[in-house]
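Common to both upcoming complexes is subunit A, partnered first by subunit B, then by subunit C.
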Partner chain A sequence: MKPKKTKNGGNTSLVFRNRMYVFLIPALAFFLVLWIYPVLQLFYYSITNFNGINYDFDFVGLKNYQKIFENGTLVNSIRNTLLYACVTVVLSNLIGLAVAIALNTKIRMKGFFRTASYFPALFSAIVVGFIWSYVYMPTSGMIANLVTLFGGNGAAFNPLGNYRIALFAIAIVEVWKGFGSTMIIYLAGLQTVDESVLEAGRIDGCNEWQLTKFVKLPMIASTITINIILSVINGLKAFDYAFIMTNGGPGKSTKTLMFQIYEIAFTDQKMGRASAFSVVSFFVIIAITIVMLIIMNKREVEL
Partner chain B sequence: MKMKKILALLLACSMAAMTVAGCGSSQSAETEAAETEAAAAEAQEEAEEGEAAEETIAAVPEGEGYNHEAIANAGDITLTMMVSGVAQGNDFETEQLPELVKAKWPNVTLEVTKLPDDNYYTSLKTKLASGECPDIILTQPMYAGSNSCYALAEAGYLAPLNDCDFLVNLANPAAVTYDGNVVTATRSVSILGTYYNKDMFKEVGIESVPATWAEFLDDCKKLKEAGHQPIVMGDKDQYVLQFGLYQIAANEIYSQNPDYDMQLRSGETHFTDEGTWDKVLTMYKQLYDEGYIDASQSLGYGASQSIQDFIDGKAAMTFDGSFNATALNAEGAGGAFERGYFPIPSESGDQYTATCLAAGYSIYSGSKYIDECKELIDYWYNGDNEIWDAQLATGRIIPVYGSGMDSIPNIELYQPFIDLMNEGKAFHWCNQAWPAGTESTMEELFSEMIGGQGTTVEDITQGMQDKFEDLLDE
Partner chain C sequence: MALPGKKKEKEAVTYAKVTWKIVLLYVLITAFCIIVIAPLVIVFSSSLRRPENQNSPLMLFIEFSSASYVRAFSQMNYPMELLNSLMTTGLAVFCIVVLATMAAYPIGRIKSRMARFLYYFFISGLIIPSQMVIVPIAQTFHRLGIPNTRFTPVLMFITCSLPFSVFLFSGFMKGVPVEVEEAAYIDGASLWKRFSAVVFPLLKPATVSVIITQGMWIWNDYFYPMVFISRQNQYSLPVGMLQFLGDKENPAQWNILFAACVLCALPLIAIFMILQKQFINGIAAGAVKG
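Up next, the complex of A and B:
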């Protein structure tokens, strides 16, 4: 029910009076000063040669933008980022969903398995990255040892040193750490599916696969949207593992957008150019997110 | 419903924006956390240097040039000092030094601030800009880091130390000499060299360390034929590429032209010049081509993992710095074996080393107590007093002169390098003279080359030149 209005449009609600809006001011001020203002400044710095220290900088017009387009760093990092995002989105959602469905059934030690699959999400990315660089280590790493144990050549197993697969190798770490969170959201979604609907399906003769496909999945469509959007955004801001495990290497093969921005800003000390890079990334990420959202929402309706 | 969609869209957009805007702040946290990894890299960045400068050094100590009674006549004074680093228990700079100074001169109170690197840089710039800089500050040789002595001297912030007494002990202060003026007081070094497993060398019949590049390759061959991995490197941490390359550059480039790096800035020389970096890169690449360093493995190895392999006795050599000596001398799974340290030999056999002066202390040109500070530094640096001993006891510096040298850990490893330095055959670490970022392009492209991406030596030198020009271009 809408609150009643007085003649001059004032709010007469006893619960939420207009003056309550005053309490929004601290939060809004915080938001404006620490968030909106810096974001706007990004646009401003992107046309300067600011180096992060010296405030006596000059305006350089679109030179920063020109530079990032012409030397190929932008294309390389966008390509890496998209690849990374695709792998993490697909894998973490497939695994998350599969595990959630499995753990939503009546099995023994359900609590233990749920905890176990969420466990990796509890560690910080730094720790996970560091441990995994030992897992991936050639010759004496965990996987290399297993390969050797089964008669393979463990010394040749070197995912982080290989141009073609280094990016996938770090994406898998992200999936390993992240699928637990995805799973929790799916699990929550699955538990909202009404037992009576499933019951009705069973009476109509559905087997488990049909129940999942035609009843459960459509009913958790909004959960799927949320999860996919969240993992897309997460994938697009990939930085941690590229920084910890490969430092962007070998060569430039794991330089993601965020890593590249970090490097330009803090290694090359070109804040202006890094800002330009951020502005471009900003639009790329927004475009991708909007497209994703539109597609997902359509799909949601269809389901 | 429509409202919901719009809201969702807005939310999504804002989250996307956050990923971009957030990278400033959130990454600083990430950076911090990843500092463990970066620490080694920093040690090397902090790098400091050796020599080269074009100016003739006007560092002929005049001895009497400043008022040596300044402190005695000053009355009660407070000197301020700012350094970078993380304070340890009973910290030398922040705890011991002020006490020792007080004991020597009861009228002097020394106030020391120690800030983590990033804070230090910001703080320093702000204080310099506002004219309230501490009397004594920590500076790096040449153009290394945001507190590089060349950049600060160029802006006129540093007082010349040409009349200081400690200079008689310093064989070659070129890396801290700007425009004829010594601007940083330093007397310790950092070394890049080749750690080797003496037992393994003996086992394959190598009697002495190689004296020429050809001999070096020959020794590698012997080791490889005997089934040993000659050299292990952690090229996944690309900065380690500098450890070998800079040694070769000292031999092949700077020995021919000590002013090479300075001339890069003026445009007289280029990375693409024949017989300079193309030669260095080709020589280093040879080690990968012959399998003396196994690229298929090294590209997946981190720096700490390669150190582990070396101390486990899985490889005969590794290129590394004096800053990692403790780790490289630890006992690993390979049991105890004797270790040695030598500079990569040159083609001609004429030996040079990438041994550079470490960071040191500068006096702010706007200080009210310039002579007092000089007197303090001269006392501290005379090589034989409690301050000197206390600093040596931290085990973090390798001095090139003075008492207590014998007690430095691993001094027998460093001695040949220090000798070369005192003969004037030591050069700075290349990146100290380059704008930060040039070396990462070199590392990236070199990794691509050894990783079989079709990158050529010419691509690397061209890439370095482009990046160098780009970074200097404001």
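Up next, the complex of A and C:
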């Protein structure tokens, strides 16, 4: 009955034997068949001219890769995705943190304000896309109407039609939907800060701003890290509002990585090229994640 | 866990003294909340108008009519879509909880290099957007002969939720005292019994968190159903909304579109209103504990 030390990878526990790994099999099966295997398949499809219907596809070597680099599609969508991610990460964390700090004081109707800030997160991205299409609509949309009401020219207001700001416009939609969850996580973090520490700070003559900067923020460093990681992951997935609100346009200005992959695969029916695109995105995202984790680790140690 | 939280809120009845700073804070936060919920209020007010009423939507609540709702309701095939949404989300969340707790059990309990590797193996799934692998997944389904039913997207929902759920459950597993299990072991409990009767009930906060966070994105997701479902009677609520895609730039259809938006969001809003506390705690626990 005694487990041998050498055979089971250093696990010598009687109660927690390696037999427990059986529990892992169903989840592992899902993960391998529907996640790891498809990722590996991407590499295979990326060197074919597979179109999704005809299985007599040919190998075309690195042609797909050449194509996506050639006409600037790849660089454009990487740039758009990074910009989108930066805007959403910075804004949703700043706004989320600010609202959380404001709500962490002793004010009335805290529950109401919290619910109001979180409310947009309950809506499906597709509903949010519809609502904001209306908000941004020139002439008869919500903001255009308000502009006209205050004597401006509502017809000229068309953020989704301007290739310079369309990407920022849809990033703001993402922030609107997402900052509430960020805020709730920050609020939970702030509530773990011990009141006596703050009291000590006050006795030492800190004002509220100094308390926030030198006491509260360092104490919720891990919450900040988690929130930033979550919103980076979310930002790099950017697809919904480019798909629903702008359809990638005007021009190529809101084509993000995921949107571009979807478009090449399902609109152009070029599964091979879409796979090549996915392979490159795969490495881009992993590179970004590694850089981010390194920076985060450093920062957390410093704080 | 619940008690100190409640106590704190009771104490908070002593509000801050009214100074100009506090007044400024109220003004700012109220203004901010108004800006945030303004689009929703306008959408709601417009949805209560007749479809023909095209007066400025900024005139709030000037008419109360159910005409737009009736039109949206019939265009959406609402009862069917609601039922599909309930079935797929329910099934997916149930499977996720079962599979993820089971997977987290050895990962959280066994102390070996293998267990640590498996932990990171699952978590690595968090960073790759799943839309990216949609092409090969569609082919895999095709090859395995999985037909396009309303339950096909569920397979993807489960797979995409596993990394986060396993991450969360293995984090919580550390908080379940080993001694409880050792006692059960001495009493002769089988491995399955130990898992299902001793460990699983103690994971309740994590289970609630997973049900809420994963249930919410699955309920709201339209991507997988859009790719995998072709028959209209299998649509879930968000996918059903896709038929309005052409109406979003046509102001004449807006009131109906808005009514459809409200109908689509209504079930989750209702659940949120009832279980608000669980939602807030579940979201926070998901990020803070893990």
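Quick notes on this one:
One rule holds in what follows: the second predicted complex is superposed on the first by the 288 of 303 C-alpha atoms of A that agree within 3 Å, B and C clash if a C-alpha of one lies under 4 Å from a C-alpha of the other, contacts with A are read in each partner's own complex, and residues count from 1 in each chain.
Note that in this section a contact is a pair of C-beta atoms (placed from the backbone, for glycine too) under 8 Å apart; a residue touches a chain by one contact, two chains touch by 3 or more.
Small disclaimer: the values here were computed from a predicted structure and weren't measured.
In the superposition on chain A, A:Ile261 makes contact with both subunit B and subunit C.
When the two complexes are overlaid on their common chain A, residue A:Ser124 makes contact with subunit B and with subunit C alike. Of the two partners subunit B and subunit C, it is C that touches the larger number of subunit A residues.
In the superposition on chain A, contact of A:Val75 is made with neither subunit B nor subunit C.
Shared-chain residue A:Gly251: touches subunit B; no touch with subunit C. By the document's definition of touching, of the two partners only subunit B reaches A:Lys67; subunit C does not. Shared-chain residue A:Ala200: touches no atom of subunit B or subunit C. Of the two partner chains, subunit B is the only one that A:Asn297 touches; subunit C does not reach it.
Within the superposed three-chain model, A:Ile233 lies in touch with subunit B and with subunit C [touch as defined at top].
Of the two partner chains placed by the overlay, only subunit B lies in contact with A:Pro159; subunit C stays clear of it. With the contact threshold set out at the top, residues 35, 38-39, 42, 124-126, 130, 133-134, 137, 233, 236-237, 239, 244, 258, 261-262, 265-266, 278, 281-282, 285-286, 289 of subunit A are in contact with subunit B in one structure and with subunit C in the other.
Of all residues in subunit C, only 8, 12, 14-16, 22, 25-26, 28-30, 32-33, 36-40, 42-43, 56-58, 98-100, 102-103, 105-107, 109-115, 118, 121-122, 125-140, 155-156, 158-159, 162, 166, 178, 181-182, 185, 191, 195, 216, 219-223, 227, 237-238, 241-242, 244-245, 248-249, 251, 254, 257-258, 261, 264-265, 268-269, 272, 276, 280, 283-285, 287-288, 290 touch subunit A in the complex they form. On the subunit B side of its complex with subunit A, the touching residues are 5, 8-9, 12-13, 15-24, 27, 30-31, 33-34, 36-37, 121-122, 125, 146, 235-238, 295-302, 305, 436-437, 440, 443-445, 447-448, 451-453, 455, 466, 470-471, 474. Subunit A makes touch with subunit B in their complex at residues 35, 38-39, 42, 49, 53-54, 58, 67, 71, 124-126, 130, 133-134, 136-139, 155-156, 158-163, 229, 233, 236-237, 239-240, 243-244, 246-252, 258, 261-263, 265-270, 278-279, 281-282, 285-286, 288-290, 293, 297. Residues of subunit A that touch subunit C in their complex: 8-11, 13-16, 18-21, 23-24, 26-28, 30-31, 33-35, 37-39, 41-42, 45, 52, 99, 102-103, 105-108, 110, 113-127, 129-135, 137, 140, 142, 145-146, 149, 176, 181, 184-185, 187-189, 191-192, 223, 226-227, 230, 233, 236-237, 239, 244-245, 257-258, 261-262, 265-266, 271, 274-275, 278, 281-282, 285-286, 289.
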